[in-house]
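Next come two complexes, and both contain chain A; in the first it sits with chain B, in the second with chain C.
What follows is the complex of A and B.
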């Protein structure tokens, strides 16, 4: 058995631009993702983030290089249809626009769509639908019509639809980009719960640095190349690199940066808002004790 | 914008609402057959009475049902007039210049009017008013599934209808948004000749189509990600199940048809040809 759930070797992928020319979308990507990890992928528009996501569940095929899912070579070219379906079951995807990924007109039917396609027996589908709704905190909405729900709720329904297939990994392709702050918080909390308690591997493609900060590792893509693969603490300790990439840094890191520039000596390497608040509190207490 | 209701479905808790949609499709079909079995005044009276009974147990306000008849008023009048003036018979009732109206013509016009009204009311009670479009689609998929042997794309057809129904509110909302955006840029949809107004719709339709294609593309990817691979080997969350009441309703309608045939045999009065 492979130690890594997802492993890529020298992965390259091309796309056809509007003039019909082949252009590289991804160049020589080497990735290793363990089971249960929480990965954020950041990069500007057109950096290849979505292409990478679609390669990992075989919606797209690579031009060259290898992809191993749970130790199995996905690029050998002789996979059966059932094996491809199994990969799509194990690596679920949630997309940006909730309206364009909900298939049915009733919430429970939409969540059942995946298991129905997999040919799961009816009583088991019912169990999975109930379980998935419970997990995303949408119990009681079984018979609702999706178009009457809020953006955050629709996106949680989409997550539930993936969960009902019992995946081992969920890829979120800018799943929070169209949501208001409240909807975003709903989705992030749900995803973190799944990662923490169900040990589901999460790959979160995002524009929001405040979301990337919470991951175990952050991957930076630029023009199809993998530039960084660091824990957030390490990545955000070089804010200039991120600004050069047009990515910016989380507000909390920005604040710490600015305070230090003003000559306020904060301890440690705070990254998340909570850590940041803690560091400032500590500084203020020390200052108070010192002054008093 | 959140209150779009699909079709004409009227939510209520009647006996007809609770029937299995597959049986309702068959019942509607048999009811149409019944309406064509009627030949004389007695059977048409029975048909009218049965329609009134259906309205009563469906719990749908007659006012709403009358509204559904509005689009066919013209056809109704047209058939009545044609039958009245062009049926020739033996008992002349009225004659002036070249116009001759016979007793048979009046009866024919009356019968056909009753038949059309009952046809519309009967089918809309069984189908559109008491069955959600999605239940109707599932019922049709289930009833037509024997055609799969002939390689008819029954599942694909049902899936298409389901997705179309699913996207009606989404696209309606989008249309309103585009219209508002075009209005903000000075577009005018309400004045001018009908051609001018039709032309004003082009700047709405073009972005709407572009976005519909984009949505379709994304939906297809999302469906593939959820392991969609056609209808083969697919199971269902909600399997339709028939109950005794479904069979009772079916039997009642068959009995009703048999009764109508009997009335025709021992009929009295004018018999329609």
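What follows is the complex of A and C.
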């Protein structure tokens, strides 16, 4: 057994531009993701984030390099269709637009769609649908029509549909981009719960730096290359690098950075608003004790 | 002075069916001329309905929408004139780019207004300048542009109609932080160069804090509050109670105040927060 659930070696992928020429979308990506990790992927539009996601669940095939899922070489070229489908089951995806990924007119039928296609017996499907709805906090919506739900609810239904396939990893491709603050919080809380309590590996592609700070590790892509693979604390202590990449930092980190530039020696590597407030208060108290 | 006034506006969806939904109830407020006004609220709070009412895509069930003091529905046959005066940039407007070149796409609106070729090409150049698209991009296919450029090209198409009011629905959604900055810059640029009135709908409180002079908060089809950006974000507790939020920096400063730091007025941008904190920490 591989220590890593996902591992890539010298992974390259090309796309065809408008003039029919091949251009690199990803260049020499070496990535190791353990089971149960929570990974954020950030980068500008066109940096290769979505390409990476599509390679990991075999919607796209690489030009060269290796992808191992749970130790198995996905790029050997002699995988059967069943093996490919099995990977898509184990590595589920949730996309940006909630309206583009719902297939049925009743919530429970939508969630049952995946397992039904696998030929799973009805009682087991029922059990899975109930479990999935329970997990995303949507029990009671079984008979509802998906198109009447809010954006956050639709995305949670999409996550439930992935959960019913009993995945080991969920990839979210800007899944909160179209949601209001409440919908975003619903989705983030659901994902964090799945990661923490069900040990599901999460790969979260996002433009929101305040979502990235919550991950175990943040991967930065730029023009198809992997530039950083750091814990958030380490990454966000380099605000200049992130700004050069056109990525910016959360407002709390920006504030801490500016205060330090003006000579305030704050301790630690705070990244969340709570931690940043804590660091400022600590400094304030020490100053008062010193002055007082 | 009020550029747009809503008087006792009511609007119901699917009236007479089991799905009847009151989208707006007795909504009454003013959009001030030459300012940037933000509209915030949950999905389903009535924001989109409101936007469509403002430029006459929808008609109020009762009540009036006044543009420069005149009811826009007084002469229903002339409603298309209102749509030229109040330009609407929909969500993800780049999906609606369709012409062979960026220039032709931007020219589409002005063409429909029946302007001369010279006037049209002048407007295309001017609009491209406001949104910061290089002249070199104008003869390219829209599909060769980056995501952020496409978005700006789509906005230029509306700006080229020289609207007196520009309404934008989630103008920065789905863009990376640098793309987002450019869109916000474009909006500020447009206002500065034309003096037009701007209305923005967004879920990003940080974006709203950066560009809006005034904010209107909608909750379940009613106006929950309206006022200057400072007034609205100083009511953080009320906003949070209804599941909305304040900018991250405002949340941080409120937390500091709760922890005992002496902060008199709560800032809503990092630029504002910095001098206040420096005074405490220096």
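Note that in this section the second predicted complex is superposed on the first by the 286 of 292 C-alpha atoms of A that agree within 3 Å, B and C clash if a C-alpha of one lies under 4 Å from a C-alpha of the other, contacts with A are read in each partner's own complex, and residues count from 1 in each chain.
The rule is simple: a residue touches a chain if its C-beta (ideal position, glycine included) is under 8 Å from a C-beta of that chain, and two chains touch if they have at least 3 such contacts.
Bear in mind that the values here come from a model prediction, so they are computed numbers and not experimental data.
Shared-chain residue A:178: touches chain C; no touch with chain B. Judged by the touch definition given at the top, the superposed model places A:23 against neither chain B nor chain C.
Of the two partner chains, chain B is the only one touched by A:92; chain C is not.
Once the two complexes are laid over each other on the shared chain, residue contacts for A:248 go to chain C alone; chain B is not touched. Contacts of A:284 after superposition on the shared chain: chain C is touched, whereas chain B is not. When the shared chain is aligned, chain C comes close enough to touch A:150, but chain B does not.
By the touch criterion defined above, A:59 lies against chain B but remains apart from chain C after alignment on the C-alpha atoms of chain A.
Across the superposed pair, chain B and chain C both touch chain A at residues 148. By the touch rule above, chain B contacts chain A in their complex via residues 2, 6, 134, 162-163, 165-166, 169-170, 173, 215, 218-219, 221-229, 233-239. The touching residues of chain A, counted against chain B in their complex, run 54, 57, 59, 81, 85, 88-89, 92-93, 95, 97, 99-106, 108-109, 112-122, 125-126, 129, 145-148, 161-162, 165. Of all the residues in chain A, the ones that touch chain C in their complex are 18, 43-46, 96, 148, 150-152, 174, 177-184, 207, 209-210, 246-248, 250-252, 254-255, 258-259, 262, 264, 273-274, 276-277, 280-281, 283-284, 287. Of all residues in chain C, only 19, 41-44, 141, 143-144, 146-148, 170, 173-181, 203, 205-206, 243-245, 247-249, 251-252, 255-256, 259-261, 270, 273-274, 277-278, 280-282 touch chain A in the complex they form.
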